[in-house]
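Look for chain A in each of the two complexes below; its partner is chain B in the first and chain C in the second.
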Partner chain A sequence: MSDIRLSEVRKVYPGAAEATIPGLSLDIGAGELCVLVGPSGCGKSTLLRMVAGLEEVTGGEITIDGRRVNDLEPARRDISMVFQNYALYPHMSVFKNMAYGLKNRGMPTAEIAEKVAVAADMLGLTEFLDRKPRQLSGGQRQRVAMGRAIVRDPAAFLFDEPLSNLDAKLRVKTRVEIRDLQQRLGTTSIYVTHDQQEAMTLADRLVVMNAGRIEQIGPPMEVYAQPASLFVAGFIGSPPMNMLSPGAGAALAEAAGLHHAAGRAIVGVRPEALHPEPGGPLAVSVRVVERLGATANVHGLLDDGETEVIASLAGTELPGPGDTLRLGVDPAELHLFSRTDGQRLT
Partner chain B sequence: MVERRPLLLVVQHAVLILGAAVFVFPIYLAFVASTHTAREVNSGLPLLPGDQMWTNYATVLGDGLSTAGAPPIGLMLMNSTIMALAITLGKLAISLLSSFAIVYFRFPFRVLAFWTIFITLMLPVEVRILPTYEVVAQLGMLNSYAGLSIPLIASATATFLFRQFFMTVPDELTEAARIDGAGPLKFFRDILVPLSRTNIAALFVILFIYGWNQYLWPLLVTTDESYYTVVMGIQRMANAGEETPQWHLIMSTAILALLPPVVVILAMQRLFVRGLVEVEK
Partner chain C sequence: MRTKKVTFRHRWLPYLLVAPQIAITLVFFIWPASQALYQSVLRQDAFGLKTEFVGLANFAKLFNDPLYLESFVTTVVYSAMVAGLSMGVALVLAVMADRVVRQATTYRTLLIWPYAVAPAVAGVLWWFLFNPTIGIAAYALDAVGYDWNHYQDGGDAMTLIVIAAAWRQVSYNFLFFLAGLQAIPRSLTEAAAIDGAGPVKRFWTIQLPLLSPTAFFLVVVNVVYAFFETFGIVHATTSGGPGNDTVILVYKVWRDAFEGLNLGSSAAQSVVLMVIVIALTAIQFRYLENRVEY
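Coming up: the complex of A and B.
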């Protein structure tokens, strides 16, 4: 088990006016699964590729297991990577795909066969070892890519959106398998995704990134419960947190007894924190009701006529379009953000 | 498209049969001519094969047409095969390597190098034949297999095609290979070349026929009969000075000269048909 440390890592692409990553530090503990999440273009993949050695580091230092790897070839960093499109060698059988990295390291044939057999068994790939990648389904290809990563028994796994090419059902299933495998092997992992749900469910620690900077680091539930900024609040959680302008949110803040903030701060409230309350501080005219089974998302407009609000309500007695719904919220569930820089106010 | 109307079917077949006949008829005539005696051929060509086939073929294969200044055809066929194979393999090796360099390495004047290669596409062998002859002569390569093949090996077409193919190979494959510890040459040998298999087969056929059909160049660099190729041999037979050309034997030679390219096409057919229509990724 090995830790990964990034200190003041910078990335500037040649010819680019601005840095893609202006200077970022992050410590990933041994055995931890750290998820980098953010919208596309936030620099999360660039960061991962710098750790892998596929992208040059402009400044700063990356160490894996205490060893500075900035100038090492990817093969010598003791990492393995799972790519979004799996990047399996199309002309090689599953066995050869998994064995190729070991062969290049000069491992004896018998040992390779043994390692591949163990990995294939772990992933349920034993019966497919002679097939070519094109004869496999998407999920099986994904597992071959995983197998190629684990046979080497590396210091760290790097995942670059490994589930994006799977359909929704398989994605949920594979997500669990990845988590299970990572826990069993205890290998330090960095996982990049733009899917906040995937990030929440997988992570030991979540790193929310925006424009090359870290917005917040923490365990998933902490990030969810205490978002550090408007950006994090809007990005984590589905449906997204309702953001009420200081004017629209004033009634809510007053009702919660937060008089100092009323009319001055942006008020955030999660859809699942809202509940129907006769005479509650929010009056919402309902426009659309999305039924999800156990809950329903009620979309509506506040009485100012422009602020959109989503409430996630349980139960079967749901309002219909055109109804006016009065909603209340537990004061502890209110999030206040600065109007000027979007940071959380405590 | 897949309409099933009887009239349409008849028209389609008629067109196809007519087209095929137009192409095959000259070859058929050549075959017919190669099965008759010289007299029968010269007094108006019959339309049906005669009974002289074995005699004629045995003559060209064994003795050659000494009066026409051509060696036995077996030797010429072998020379042609050696030249065509050397050109094909040389072109494939050089163009694979040069397109690998152009696509995967960043070196100064990379784009210039590519365009220089590309521009030579516009210069056929015939245009640069005098300077090339001079160089080959100075190097003492006249009347040798090296002289026959080396000057024809540089290939812009194949380099261009491989470049286009390499550019469609996903970057992730290169990156996965780097993580798997494959250096550039290992990546080339273990991944790029196997992936190019179908392209190589297709080019093999095209280049082999190109090499086989070379006429002007062998005519210039060989004066020694033991290096004559079959395509130029046919020409020498037909221009047999004062004598009447022995058409029955010339046609036997032509039919025999047709066979090696056909063999190559049949051998590569399965691979190259796939290579031209589908890229396996």
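Coming up: the complex of A and C.
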């Protein structure tokens, strides 16, 4: 097991005016599954590719297991990577795809066969070993890509949005499989995704990125419960957190006894924290009700006529469009953010 | 497969639109080809006064003619060398151009230029370069102790036409190889790099196998080119000599008809070439239809 450390890592593409990553430090502990999450273009993939050795590091230092890898070839970094499009070698059978990395390292044939057999068994690929990638379904290809990664028993796994080519159902299933596999093998992993739900469910530690910078690092539930900024609050959680302008949120803040903040801070409240309360501080005129089964998302407007609010309500007695709903919230569930820089106020 | 159906208001309009193409095919292909077929079963006397039907005698005579069989061997060797040399050089250039990031279009454009040169001009160009008296290449070879003379040495003559023919075709092959290389997803080479394959190993185990459909297509195209389109090169440089060392089949067709005035034999040779080109085309369609999909 190995740790990965990034210190003041910078990336500037040649000819680009601004740095893609202006200087980022991150320590990933041995055996940890660290998820980098952020909107597209936030630099998360670039960061992963720098760890893999597929992008040059402009500045700073990357170490894997205490060894500086900045200038090492990808092959010598002892990592394996799962690509978004799987990058399976189309002309090779599943067996050869998995054996390729071992063969290149000069492992004896008998040992290769043994290792591939073990990995294939672990992933339920044994019966497909003779097939070509094009004869496999999307989910099976994804598993072959995983197999190719684990068969080498590397110091770290790097995942670059490995589930985004799967359909929703398979994505949820494979997500669990990846988590299970990673826990069993205990291999340090970096996982890149733009899907906040995937990030929440997989991560030991979540790294929320925006414009090449880290917005917040922490265990998923901590990031969810204590978002460090408006950006994180809006990005993590589905449906997204309601953001009320200081004016619109004043009533909520007053009701919660936060008199100093009322009218001055942006008030955030998660849809699932809102609950119906007769005479509650928020009066919402309902416009659309989305029924999801166990819960329903009620979309409506505040009485200022412009602030949209989503409330995630359980139960069967739901309001209809046009109704006015009064909502309340537990004071502990309010999040206050600075109106100037969007940072969390404690 | 979805097909787009176009309806014309006038019945004759679609026919009018395809008429030029049909006319060209008829005049420049169907008519000469049928003439060749017809002539190949006839024999004419030396003065052109009398023509008689001889059945397949022209063909029988052809395949018993050591000169013809020799020309066959010459052509096979020649086209194998042209295809091999032009594809080899093109592949090296394509791999290098694929790695170039800056000014990539400039390199590509320059590498495509030779294709614009007509075969006869290409022949003359290389003939000048290798001319034993005035050629710079011959001079350079002389400096390293090789006495180049394609007028006397059959090997030299063959080398000359192979180089001239291959040079022009490199551009064509280069385009296809480059397109093929660029169609290989980047992540494949990246995955191979992570899997511990260096650039050379990546080329042999990933890129080259994935280029094989392109390479197969090019083999057929290049053989067809060497067989049929390089008449101008031979005619402008060696004229088949020394002796019969560079008489390829198309050149022999022309020479037997217009210098030897043996129309029957020449027509029979044309028919043989026609069969070869039809076979090559069939192979190409048969295998390229089922080309490997990724």
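In the analysis below, the second predicted complex is superposed on the first by the 346 of 346 C-alpha atoms of A that agree within 3 Å, B and C clash if a C-alpha of one lies under 4 Å from a C-alpha of the other, contacts with A are read in each partner's own complex, and residues count from 1 in each chain.
FYI, contacts are C-beta pairs under 8 Å (C-beta built on N, C-alpha and C of every residue); 3 or more make two chains touch, one makes a residue touch a chain.
Note that the structure is predicted; figures quoted are calculated from it, not measured.
Visitor: Would you mind checking whether chain B and chain C clash or fit side by side on chain A after the superposition?
Guide: On the shared chain A, the partners clash.
Visitor: With both complexes overlaid on chain A, does A:105 touch chain B (first), chain C (second), both or neither?
Guide: both
Visitor: On the A-aligned overlay, A:59 touches which partner chain: chain B = first, chain C = second, or both, or neither?
Guide: Touch partners of A:59: none, neither chain B nor chain C.
Visitor: For A:85, select first, second, both or neither according to whether it touches chain B, chain C, the two together, or no partner.
Guide: A:85 sits against chain B and chain C alike.
Visitor: Regarding the shared-chain residue A:74, is it in contact with chain B (first), chain C (second), both, or neither?
Guide: Both partners.
Visitor: Going by the contact rule set out at the top, does A:134 touch chain B (first), chain C (second), both, or neither?
Guide: Touch status of A:134: both partners.
Visitor: Do any residues of chain A touch both chain B and chain C, and if so, which are they?
Guide: After superposing on chain A, chain A residues 52-54, 73-75, 79-81, 83-85, 87, 89-91, 100-101, 104-105, 134, 148 contact both chain B and chain C.
Visitor: Quick check: in the complex, which residue numbers of chain C touch chain A?
Guide: Residues of chain C touching chain A: 185, 187-188, 190-198, 201, 205-206, 209-210, 292-294.
Visitor: Can you list the chain A residues touching chain C in their complex?
Guide: These residues of chain A touch chain C: 52-54, 73-75, 79-81, 83-85, 87, 89-91, 100-101, 104-105, 134, 148, 152.
Visitor: Which of the residues in chain A end up touching chain B in this complex?
Guide: So the residues of chain A in touch with chain B come to 52-54, 73-76, 79-81, 83-85, 87-91, 100-101, 104-105, 134, 148.
Visitor: Using the touch definition from the top, list the residues of chain B that touch chain A in their complex.
Guide: 170, 172-173, 175-182, 186, 190-191, 194-195, 197, 280-281
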